[in-house]
Structure formats: structure tokens, C-alpha cells
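Note that the chains take the letters A, B and C in the order they are written out, and that residue 1 is the start of every chain.
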């Protein structure tokens, strides 16, 4: 088997008395979409922050392309090819959409005009073509989510960590953005996406990891995971799986 | 090249001033104004483009001034070399202060405090150390001549400081058009987001601090050549820290011409007040304080921003509608 | 040979001075704890309060300790108004603007004083100004002893306000979680202004305690405030006990430092402590949480 592009090994992260991420292992191969799902407060964003270097793990390792990159600062990981988006969008509020994206493009292109050109191209790709000269703070939620995606893409990543980019979008907006994400995977990027929208996640993902209270409680194909009673319980509360089975008469 | 035309036009216009203005009083006013504009442009690189508000740029101004003076008076170094060394020394102090403060992750109030504290430490040290002339300060020997960077004519000093300001304007414009500048602005707008996009925020802020310190130090070097005197209260006093931040904030932070415009406005107000009420100590600074508050209240993007907004506002409504329609 | 008694008297002196530092720092840390900004106008307000105490004595013949009861509410109102009508509206909810506005106020107030009163130094002469108590090995001025006690009384009153009154509870709620407090119906602008008022009232009281053996001058407050910054940083920004302990510690450090190295180098020592604490442990020595 080929080594997956991103491999998380036994990562834990503690905040005071709270073990937000508890010995989590997962892997994401290139050219595929890996979904990370789980209830609120499960530790998904925290795990992303550890992978992208914003938080140091209390234990465990992050391997990228066979190298141990645990604890490296975010900018170095970005240079290596790990990009992330923020669940709470973080636009450069005072800059235009184009200049926002250009910051990402500058990572691989020194020249200003090249970066601006790239920004325009990436902006169009994610459907921001009409809004390129708008200040970022005037964008709607959907626009900001796209901007997060565009900036990350502009860094030409090999691993892309998407933190709830579909949340806050309406169904037609989701339908518009889903093929774009699919296309990125086809291009060879290893995508890891945190999603609350089960349906969208399930239809996109090749493989799903379920996190609850800091632990991976299930992993497998989307079909395997939805059939797992522990997953249903984690989402719907104690006894839910049994009640559901009873209700559906299985 | 087109981007540099406005700078060339403004500088060329200012350069003609001595041709028709011979009053020493006015020239002196303009020299001091440009010197403050230079110090302010230094602050603008770090504060305006980088969003790191220093309350202690006196640390760089004073270091530039003292190093220039000490090298000449105590070690007989040529004035031009002393000038260059003064700028370099300012940059070194900038690297030290910036390296420590940014490494410690200081932002906002904390960064303002630590810069202020560094300036104060230097002020107290300069007021007791023998090498800085302690409480007496350093008086430069009068030695007119190009070699010793001392000119009989105010007009020449005026052209010298104008040239320095021109360089500082060009630096700001280059910054705006470079990757480094894009990164610096990104750090100002959102440091975490910038880091996620591969920006080494520490290195970028440190770089900005060094450029910023060097420019403000140049203003200090010029001060000492012009007035031939420096002491702790002038070099490291809070007045220069305040004027350095006041000018770009009033003119418009993160803009090429903000500091220059701000310096002209601030200094004119100060002089105007003195003309009307006589030279009562405190009045000019009182006005600066009030103007600072008023500008932040009513024109938070400074005069440059206010002019841009007014232009946008006055633009024909039809044109505006067309633009908005295009943006959906 | 240094007699331990001389050292002890330096320590006692330091504690007396430190108490007043603590009071100035208390105002600063209170404002920081709630508004999350350093109030750069604190020093200028102290200078203004010193003049107010001086004028109360000169024009009205008020003893500074009596004047404190009038000046504290007066400066509370001043602080309230400054935050409510000047700093708040002018800063557009941006930290950096808030810093600049307080700096602008500092420049405005300090130079307003300079304009009005010139740079002369004014002192208050009180009948008991030179009275002191003999501790056997050293003398302690009565006025300094009074201020030492008064500072702890003020701290106690503040603590009672914070724990017993609704406003105090609201202040603590805003300090903890501004958004949450806002959602639960607390008027944040009002609470900010009250906090700023309390901080300014501390300064007024400090001025009344200081003036019997200090002086009024347009920049007199600055010396204290730079020290107060140090204390606030040392004690942990926003921590009230930190400000009290930090004040006493700095008072002693300065007194001993001045004793060993002379006045101005003693000051450098304080700034160096300040810088080192900021760089190494910006949460302060007593700062609890991140």
C-alpha cells in the first residue's frame, strides 16, 4: 500500500482539564475526499488546528508525505502544501476579494502581477468572478466561505483541510460548490473536510471518520458509517439507535 | 513606472519651493515639517501597513541622532558616514525591539507599552550616560561645508530632507507593489489567516520594524545635522513618538502620502495656533491631541481616506448604480 | 557595613510609596480588565487630579483628605463622560483606535494643564505636613501612613462594589464575556463608562493622598503611570490583587534600587523589570488564566 499523503498518529490535545482530542489516528490519501464528522464540540476543529500547526499536540505525530511535521509552525506547513480554511471565516476584511486571494497566491509566486492573475483565475473557479473587486467585508456568508476556499486553493496545496465550508450555504449554493470540491480531489489533492451536513459529506466522501468526545468512534465508507449504531447514538443521543431500529422494525 | 508618477510630481513641485520662497522662517518651517513627515513615514511602514502601533518611535529617532552626533564629536567620523551609521543603528535597535516583542507575541496594548518602555529606558540612560553628554546633551561643532553635512543655506537643507522624504515615499510605493507588502498588509488584517496562507508573520513584522526604524532614525540623523544639538528629552522624548504616529494617522495610515499630508496639516495647525495666540507652551500639542481624537472619530481612515470617500460619494449616482449592478 | 535597620527603613518607605502606586495601578488594571486596553490618559488624569487637589486647597482651603470625598465622585463623572462620549464613540470598537484616543486625550489634558498653569511646580503646605511617627529606628510621615491605610480602604470599597452591587456584577460579567453580557441585556457602553469612571476615581483619590508630600505639575502624573504600567504588567493585566501586591513590590524595589544605585538608575531597573516581564511572561507574575 502506498503511504497516505497525510497521516495523523495518536494525536491528543488537552486544554486544561479537557482532553479535546484523544489519541486520534487517521489518514488521508492523495486524490480523495476524507470526511471528518461528529457532533458539536467533538474536537474536529482542534484536530485541524493541530494538523495545520496552529496548536501543538499534547501527544502524537503528524506525518506529511512520509515526514514527521509535528509542531511545525503554520506558515512552514503551508509552504509544504498543507492548507486550511477556518470554520469562523477570517477574511482580510479591508482588502478586496482579489487581494485576499492574491495573498495565498504569493506563497508560490513572488511577482505581484502573477499573483494577481492567479487570484483572478482561482476566484473565477470558485464562483467569485463577479465579486473580485469587492471589499471582503461586504461579502455574504456564502461569499466568505468561497473566499476561504479560494485563498487556500491559491496556495496550491497538496492537502486541503476544509472546516465546514458548506455550513451556512443554501441548497443551491451547496449544489454549486460540491462539484468544485470533487474536481479538486480529481486533480490529486488530498481533501479532508469537516462537515455537519451529513448528506453532502456522505455523497462527497470516499472515506469517513467519526469523532465524538475527542475519539474516533467509527471509520469506513459512508455506507458503513451510517449503518454503525454507535455513530447514530453519538449524533442523536443515548438509546437512539435502539429506538430507531424499533421504529423501523428491524 | 506609472505608479511612481504621483510621487515624482509631488516631489518636483515641492522642490521648486525655494526658488520663489526665500523666507528663512518659512523654509525652516518646511524643513521641520518634512523631517516630521519622514519620521511619520517610518511609523507608517510598521503601523500603517503592518498594523503594529508603536508608541515609542523616539527610540529610533534618538538613536539615529545620538549615533550621528557621537561618531562625529567623539570619534571624528565623517558626517555622512555618521549619518549612514545613525540609520543603521536605528535599524539595529528596531531589530532588537521588534525581535523581542514579536517573538514574545506582543500585540495591541502590549506592543504599544513595550515600545514606549524601550524609548523611556533609552531616554533615562541617555540622560545619565557620559557618552551621550548626560543631562547636557551634545553640541555639534559648527563646521559649514558639504563634507561636514552642514549648510549655510536653509534651501539646501530643505532639498536634502526633501530627497530623504522622496526615498521614503518610494519605499512605501515599492512596498505596496511587492509580495512583502502584500504579506505585511495581510498580517495587519488578520494574522492567523495570513499564517495559514504561508506568511511567516514574525519575519514579516520584524522586517517592517527594521525598515520603519531605519526611516525614523534618518529623521533623527537629519535633526542633529540641522540643529547641531541633541539631548535626551529631544532625542528620546515622547514628543517625537507622538508626532511620528500622529502624522500618518491624520493623513491616512497605510497610504503613500498620508504621513506627508498629515505632517503638513499638523505642523500648519501648530504654527497657526502660535501665530494667533503667541507662543504659549502646550498650545500646539493640545491642538494635536484634539485633532488626533477628532480625526479618529470622524475620519478614521485619515484625510486621504476622507478625500477618497468624498470622491466616491460625489461620483455621479448613475455610474455608481451601474457598478453595483455589475457586482450583483 | 549596612545596618539592617537602614534597609528596613528603606523597605518601609518603599511600602508606603508602593501603596499609592498600587492605587494608581488599580485604576489602570480595572480599565484593562474590562475594556482590554491600556488607558494612556491615566497619567494625564492623575496630573489633572493633582491640580484639582491643589486648587481645592488653595482656593477653598480644603484639606486634601477631605477634598478626596468630593474629587472622587467628580473624577468618576469625568471618567464616565470621557469614555461614554469621547473614547467610546471615537474608537469605532477598534482596540487600536481606543489606544490612540486615550493617547490623544493624554496629550490634550497634559498640554491643557501646561497651557493653563505653565510648567511650575505647586505644593500644598499642611500643618501636619512634617509630622512623623518615630518607630525607634526610622521616622514615617503621618501623611504617608494615612495614605497607606487609605489605599487598602479604597481597595476594600472597590471589592465591595464589585461583589455586592448589580453594577459590580455587570462589570464582572462584561469583563468575562462581553458578547454574552450584551446578549443578556447588559448595556456594555454604560458598563465601560462606569469602569472608566471607577478607574479615574482611583486616580483622584491617589492624587489627594499624594499631594501632601508631592507636587502638582502638568507632567507630574507621568512618572507614576509608567510605574503603574509596570505594576499592572507585573501583577497581570486586569488582576486587582496583582495590582496591590505589584504596587508594594515595585515600591520596595524602587526604594532599595534608589538606595543602592541612585534615583535614575533605580528607575531604569523598574523599566527593565517591566520589559522583561512583558517579554517573558506577558500574563504577569500573578496572572491566572491565559
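Heads up, the rule we're going with is that a residue touches a chain if its C-beta (ideal position, glycine included) is under 8 Å from a C-beta of that chain, and two chains touch if they have at least 3 such contacts.
Just so it is clear, the model here is predicted, and its values are computed rather than measured.
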Chain closest to the assembly centre - both centres taken as Cα means: B
Pair of chains ranked first by number of touching C-beta pairs: B-C
Longest centre-to-centre distance from chain C, chain (CA-based): A
Inter-centroid spacing, chain C versus chain B (mean Cα positions, whole Å): 32
Between chain A and chain B, centroid-to-centroid distance (C-alpha), Å: 43
For chain A paired with chain C, centre-to-centre distance based on mean C-alpha positions, whole Å: 49
Chain A partner contacts - residues on chain B that touch it in the complex: 177-179, 182-183, 185-186, 189-190, 192-201, 326-328
Chain C contact footprint on chain B (complex, rising order): 51, 53, 55, 100-101, 103-106, 108-110, 112-114, 116-118, 120-121, 124-125, 127-128, 242, 245, 249, 280-286, 288-290, 292-293, 296-297, 300
For the chain C and chain B complex, residues of the former touching the latter: 32, 36-38, 40, 86, 89-92, 94-97, 99-101, 103-115, 118-119, 218, 226, 229, 233, 237, 264-265, 267-268, 271-272, 274-275, 278-280, 282
For the chain A and chain B complex, residues of the former touching the latter: 52, 54, 73-76, 78-79, 83-84, 86, 90-95, 99, 102-104, 106-107, 110-112, 115, 130-131, 133-134, 151-152, 154-155
